[in-house]
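Same chain, two partners: subunit A is paired with subunit B first, then with subunit C.
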Partner chain A sequence: MIIYVNGEPQEIKQQPFTVADLLVLNQVEMPEMVSVQLNGEFVKREDYQTIQINDGDEIDFLYFMGGGAR
Partner chain B sequence: MLKIKKEIYLQLIKYAWEEAPIEACGYLGGSGENVTEFQPLTNVDAAEDHFRLDPEEQFKVVRNWRAKGIKPLAVFHSHPETPARPSEEDIRLAFDPNISYVILSLEGDTPAIKSFKIRKGVVEPEAVEIVD
Partner chain C sequence: MISFTDQQLERYSRHIILNNVGIEGQLKIMQGKVLIIGVGGLGSPAALYLAAAGVGTIGIVDADKVDLSNLQRQIIHFTSDLQKTKTQSAFEKMKALNPDVHVNTYHLRVTAENIREIIRDYDFVIDGTDNFPAKFLINDACVMEGIPFSHGGILRFSGQTMTVVPAESACYRCSFPEPPPKNAVPTCAEAGILGVVAGMLGTIQAAEALKYLIKQGSLLTNALLTFDALKMDFRKVALRKRADCPLCGENPTILRLEDIEQAVCELKR
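The block that comes next holds the complex of A and B.
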């Protein structure tokens, strides 16, 4: 199947394929520090292991961004 | 290397002064090493020594830019009263191995801007050039 990850097409042969699988494939080492949207809707972190990604889905992930001056 | 258009650099300074004493933050976008866009973002912490972006705002900007062929190249934040170098917290909370971390310091008489790549706690300075 073809999915769109951060706007880029990716061919996925694994089935079923979850959000957690996607983050591993994209070498995200700390999944708890990313926010994920599947077809424009936020995915809860506790659902990363169970929500499946299907052909044609658009999935975006962004890293937490924060810091401090001290 | 990041090449930041002079007008963008001046926008960063203006925005940082407007937001001071809280830390200003946002995305810098463009293509390759050329920064041509600045999008201010809400500092959810609204603090003088912390910043945190709102993921919903982040997604909106990234998608809007994507439609125009603009890539997020750097996360910008200001240090109103400390130097332009990553703090311990900046380093600890830097999880994106690909993006540049740009810090603008308002300490002293002249603003100072620096950029860094931060991967797994290792900080690498990155040259910044202000271009016309």
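The block that comes next holds the complex of A and C.
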């Protein structure tokens, strides 16, 4: 299946495929620093293991961006 | 009704000539009140542009003094300002740039205790802070007081910003319900920031404040704008106001402000 991660197409062979799997596949090192949206809907952290991603789904990673400005 | 002096007509002529601004728009700017929390990387360009634009009252909040390591990006502060308070340094530049502007200085850190009273006097707030406890505090206080604000964050070569109009659009907690765990936040020493990225983001925030004052165009609400200056990619992700947001949702669990433990940043200021 093809999914869209941050607007970029990505081919996924694994089935079933959860949000948690996607974070691993994309080597998100600190999942605590990211919020996930699936087709525009916020995904709760406790649902990462259970919510499945399907063909054509759009996933956005929203990163915490704070400082480093001081 | 304020009337324009000849000097003001001249000073603001490039605004006034714009169809979307005109005399009425410039008047709204001159009657506007904007609070900038943090006159660092983001607040510096915002304060200068808003002063130049003639925003009637600009509040600036910062508890820090100007440090040599600030000058690579905090363009309102000069080498001659080292050890001055940031509020005093910024005040001097803003008044020199535009004596028309009334500048209120708050040499303090915003806390759960003081923030609501401070923001209440303003039409729009710009978050130019450098840490998550302050960002969550500003979001929560602005939502509770119903004051629109611009969130901003920067990291290395990237920036992100969203505008929140309380009750109407998604708040920061709709997408980021809780601050990140302390140990996950990169330390200041690890992070770093390309100076100009702060300028790009702070300038976008100032543009949102001006648009809010003149009621033109559409604000960056229900969207998170992220850019990566390395590739010069800009991306806008649509956000939704969540019915189950802990702050602005139907059954909020956050009913009063609380100070969140400060993330560790022991780097010399």
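Some observations on this one:
Simple rule for what comes next: the second predicted complex is superposed on the first by the 67 of 70 C-alpha atoms of A that agree within 3 Å, B and C clash if a C-alpha of one lies under 4 Å from a C-alpha of the other, contacts with A are read in each partner's own complex, and residues count from 1 in each chain.
We take it that a contact is a pair of C-beta atoms (placed from the backbone, for glycine too) under 8 Å apart; a residue touches a chain by one contact, two chains touch by 3 or more.
None of the values given here were measured: they were computed from a predicted structure.
In the overlay built on the shared chain, the residue A:57 is in contact with neither subunit B nor subunit C. After overlaying the two complexes on the shared chain, residue contacts for A:30 are found with subunit B and with subunit C alike.
Of the two partner chains, subunit C is the only one touched by A:41; subunit B is not. With both structures placed on the common chain, the touch criterion links A:7 to subunit B and to subunit C.
Within the superposed three-chain model, A:21 lies out of touch with both subunit B and subunit C [touch as defined at top].
Once the two complexes are overlaid on chain A, the subunit A residues touched by subunit B in the first and by subunit C in the second are 6-7, 30, 33, 35, 37, 42, 60, 62-70.
Interface residues of subunit A facing subunit C in the complex, by the touch rule stated above, are 6-7, 30, 32-33, 35, 37, 40-42, 60, 62-70. On the subunit B side of its complex with subunit A, the touching residues are 23, 25, 45, 47-53, 55-56, 58-59, 62-63, 66, 75, 77, 79-82, 86-90, 93-96, 99, 101. Against subunit A, in their complex, subunit C makes its touches with residues 38, 40-42, 64, 70, 73, 128-132, 135, 153-156, 158-160, 174-176, 180-181, 184-186, 188, 191-193, 198, 224, 226, 235, 237-240, 242, 263, 265, 267, 269.
Of all the residues in subunit A, the ones that touch subunit B in their complex are 6-7, 30, 33-35, 37, 42, 60, 62-70.
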